[in-house]
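Next up: some structures, all given as structure tokens.
Two complexes, one shared chain (subunit A), two partners (subunit B, subunit C).
Take a look at the complex of A and B:
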């Protein structure tokens, strides 16, 4: 029995995240009886979606044993660029289409800058993306120095509404999961994990490691851009500081989800769970009605406890 | 007999149902604060919770749920979402952004929840603002400075965070006032990010660059820093605006500052709560009462502390802890009189 559990820990690094997620769901449902209502569940998905999207992108970079500390800044840049374009072009249907397209393009460009610096120029990933993050954040402030500007109500009503009876935010999450499912079946994904596992060995067996790392950063930029678009839907306005907190939250979500920062082990499913865990922790603290002086302390302790669970699983993994 | 009995009992039932519907006497109000960087915010929440308790004297139970944390805009939206899901009657927000809450406030209103912002105005047409007019706040102390200088002299301004909406409104306020006095010359305007140490540094630099300064217009906690620099430089001839914490008032008293301070009361959230409960009780706002750039603002009075009332104010607060700010709350009675139809 024990060995089966260890084995499953090896094959499914996100198992611990799933357990923590379920526990938090139960606690949340006890504290908030309406938790399981469809409307409330959808509202939770809407609240956690931007972090989940950034965490998905971050996962690919981390699998190659790199890191993207500019992801939150990319979210901010995309948010202010999209809002500025849509408002600047008069809020028409065409302006929304242009805003969405250019927003994605900006995310990809940011990802390309990171990827080229890290994979081809061989800059150290932590310092590089920390620095590019400052550049991107500065660019966001230059585009929109003060929070503001508005997108037409149709935009946020569509985001908060439903398509074919299913909430838009659920469609976006499902599409992201499907996309990740497709990626996981590609040769690129194999190469990505090989690169993260042992970059020298991967290189010597003919894996184009530089191209693989670049693509991982492109994916991180893409998903950060999608998170930026989700935040436009959520806030209907631009804010140059909006993504700042998402960088470390995304790394936390990835690690909570069982992906190893040393690369190779892990996957997108765990990171989505990780993002939902972080969101649920905030909810639990909210509904437990703790005095606010305690909230930060308890939040940190729960995250540590969730991480500790992951470490226990990893120990089991090593022993097998 | 039976018909009239029926009629009477129907009437009684309707009357009873009517009173029950109107006289709902328990309300839950969510308090959302997105930044905990100063004692002022803590005092704001404490006073709002206190005001909620005091409603019991009027036979109304007001429960509050406070959410106060350093969050970004999505984090504060999540707080508000939780309030909505919890089914509160009203949400009072000290908002982290003037515009980003439009969609979530629309969702709250669709669920029949009253939304009030305080301390910073919001653009949402689904919310109202109860708090001070930041521009009038600045104009009042600028007016004090101009009058104290007898309409003549060299002035510098030390401002908060460039680009912050409240700061922009305050800058517009003092500019408008100084423009009315041809004898007042604004030598320089600098930003010290609402930070006391940066305020002191800025004042030192300004004193070194412009020895001919007669007056200083400075905001909030930075005033304590600016005054320290003025004291160190032995410039008791300079008049400068002050701030409202007990610590500062003590030094003001000891050193006999020539100062005047507009009060941005931390009681603004308590005032908003009193307005919220009256509205939840079904009271209607007076016609044409809403002001401000978004047409949704109810402005509360802004006290001014200067030499004329300093001793009185100081006596009231001098035994409180140093970090406490001078405050005022619009009581339910005052709110009824100012904002609501009879």
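Take a look at the complex of A and C:
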């Protein structure tokens, strides 16, 4: 049993996350009997989607052994820019299209700034993205000093509605998974993992390491932008502080999902599970009706336990 | 016309001249052996040809046209494939992913064809199937492979790019005889296909077995280039050694005592295969040989920085179990590394803190008694003629030589009875070296036992009382008296390594 577990740990770094996810689903279903109903499940997906999207983008950066501490701030910037553009242009269909396009463009520009500083100017990733994050967050506050403004009902109704009988949020999640599945089968993805695993070896093998790292940050910016758009749909308004907590939550989701902060090992599937784990922990704490004072404590302990499981499996991996 | 021609290549790293106008020419369909002792410039020359290091001067012609590669990608595009001595494998990735990194087979959609990747890797592995051992398959992770298996994978990776010029920098270092045969078989096939191969090795028998031509480098210059049929083992060794002058013997005060200070029996660890020897009080015991044959590993194992697999160590007749540097230090053993940046100084901290760290970690006091510590270290600062503005200045402000003196003074302050010196004079100036030599002499007169590993053969032969020559993790010769000369050292160092551990 132990040896099969180890073997699976090596092939599937997200296995531990899957186990924790299922356990939390069972606990949640016991505490909240309606948990398995389609409507409740959909609203859970809607609630967890922004974090899952940021975690997907963060995964690519972490696989290259870098980190993006500005991801949450990019979410905020995109959120307020989109709301401002749509409102400013009068809330027409054209304004929504312009808002979506420019929102994604802003995310990519933020990612490009990070990537250029880290990959080409060789700035230290943690400090650089921490600093650019402050800049992005400041920019978001400048665009929209306090939460407010409105998007037209078409926007948030479409987000909360269904397409071909399937909820829009599920479509978005499925599209993101499909996109990640395609990326995982490209030469770029192999180059990304090689860069994270041994940057010197990758360089000597002719992998364009700087370009690869830049692209990872672009992906992080893109997915942070998508998360910002999802939050517009969710809240129907703008909030310059909405993304702040998502940065470290996304890193936590990535690590819970079995991706190594040292790079190379892991993948998007685990990060999505990690994001859902973080969401479910909040659900469980809410439905367990724990006193407020206990919530932080329990949340932290569950995350630590999930991490410990991953560490035990990683040890097994190294010993084989 | 040669396929590749390098002429007048110069390269300096900081103040050290690596290449002083080296020439090299390579013909298609030939194996050209490139040899020379540690630091002769052969690896630098290869890195320049491969585009990973830029030359200061000189020209490289490919098919007669001058080229200058700014990165390895350009060299690879021109058909140059390199086996890197330190390997260029990504350990967490699989064998198949590593062999075809950057040239993975793709389907018409542009996505990776994983089945093709696996079957191509399977085919590539087939060439070495009979010698590569168990556990190697396309989906195995490189991290799970042994050193020899990884080397064979690196070779397959180089060949997967179909290069027409192949540089093999110590590609056979970790391989056993059967594996070498399999690699040579492959090299001969490549040669027949018109590939040109630069073959770097430290094993002389391999040179005569596979090479068509041999070039010897010394001190950054090409000193011999001959078709293999027109030269001999002795001529090659002589070219590597240079003027066969006995190394200058230094005047010395110390005379080794008869008492054994350190006794090592059958010590095994990573890179060490059953090493036994005795070192006496007041003796400088040199550890020589080619780079990385176990000299450094022995010193780090003795200091508890490298886990032991087997063997026993006795210091002054009492057993020592090196559980870690802390336990070893308490037995009056000190270790000084030549790799100051990594193992020596804390560059951004004051000189004083760098000096007293060894005393602090030995005496387990809670409160630092600054004045007493300064009193205790002062004599050693003076003895080593350390030059500094203030004890509160950071070590980073000192020259390399003075930094090394700080590290040495730090350890001398603990009054060691056994001093382990791991290439202590690497990259430091002559005056500082002289200071270190006279300090070593003085320490030995006081009964200290010094184990000295040096990559500078002249220094090693000149100041050691005896020299143990390492080859493949074993001691293959002991040089005493008049035997302490380059000829004898190289004969032992370049002999075929005993079967890999």
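For this structure, a couple of remarks:
As a working rule, the second predicted complex is superposed on the first by the 319 of 320 C-alpha atoms of A that agree within 3 Å, B and C clash if a C-alpha of one lies under 4 Å from a C-alpha of the other, contacts with A are read in each partner's own complex, and residues count from 1 in each chain.
The definition used in the following text is that a contact is a pair of C-beta atoms (placed from the backbone, for glycine too) under 8 Å apart; a residue touches a chain by one contact, two chains touch by 3 or more.
Keep in mind that what you see is a predicted model, and the values were worked out from it rather than measured.
Steric overlap between subunit B and subunit C is absent once the structures are superposed on subunit A; the two fit side by side. By the touch criterion stated above, A:146 is placed in contact with subunit B alone, subunit C being left untouched.
When the two complexes are overlaid on their common chain A, residue A:92 makes contact with neither subunit B nor subunit C. By the touch criterion stated above, A:162 is placed in contact with neither subunit B nor subunit C. The partner of subunit A that touches more of its residues, comparing subunit B with subunit C, is B. With both structures placed on the common chain, the touch criterion links A:289 to subunit B but leaves subunit C unconnected.
Put simply, if you stand at the Cα centre of subunit A and look at the Cα centres of subunit B and subunit C, the angle between them is 130 degrees to the nearest 10. Once both structures are fitted on chain A, no C-alpha atom of subunit B lies closer than 37 Å to one of subunit C. Subunit A has no residue lying at the interface with subunit B in one structure and with subunit C in the other. Touching subunit C in their complex are the following residues of subunit A: 10, 182, 185-187, 190-191, 193-194, 197-198, 200-208, 260, 264-265, 320.
Taken in their complex, subunit B has these residues touching subunit A: 36, 45, 65-69, 71-75, 77-79, 81-82, 84-87, 97-104, 106-107, 123, 162-165, 168. Put simply, subunit C touches subunit A in their complex at residues 52, 71-73, 76-77, 82, 84, 87-93, 97, 101-102, 104, 106, 110-112, 114, 141, 144, 157. For subunit A in complex with subunit B, the residues that touch the partner chain are 32, 34, 39-40, 43-44, 46-47, 50-51, 145-150, 153, 156, 159-160, 231, 233-237, 239, 241-242, 244-245, 279, 282-283, 286-287, 289, 292, 295-296.
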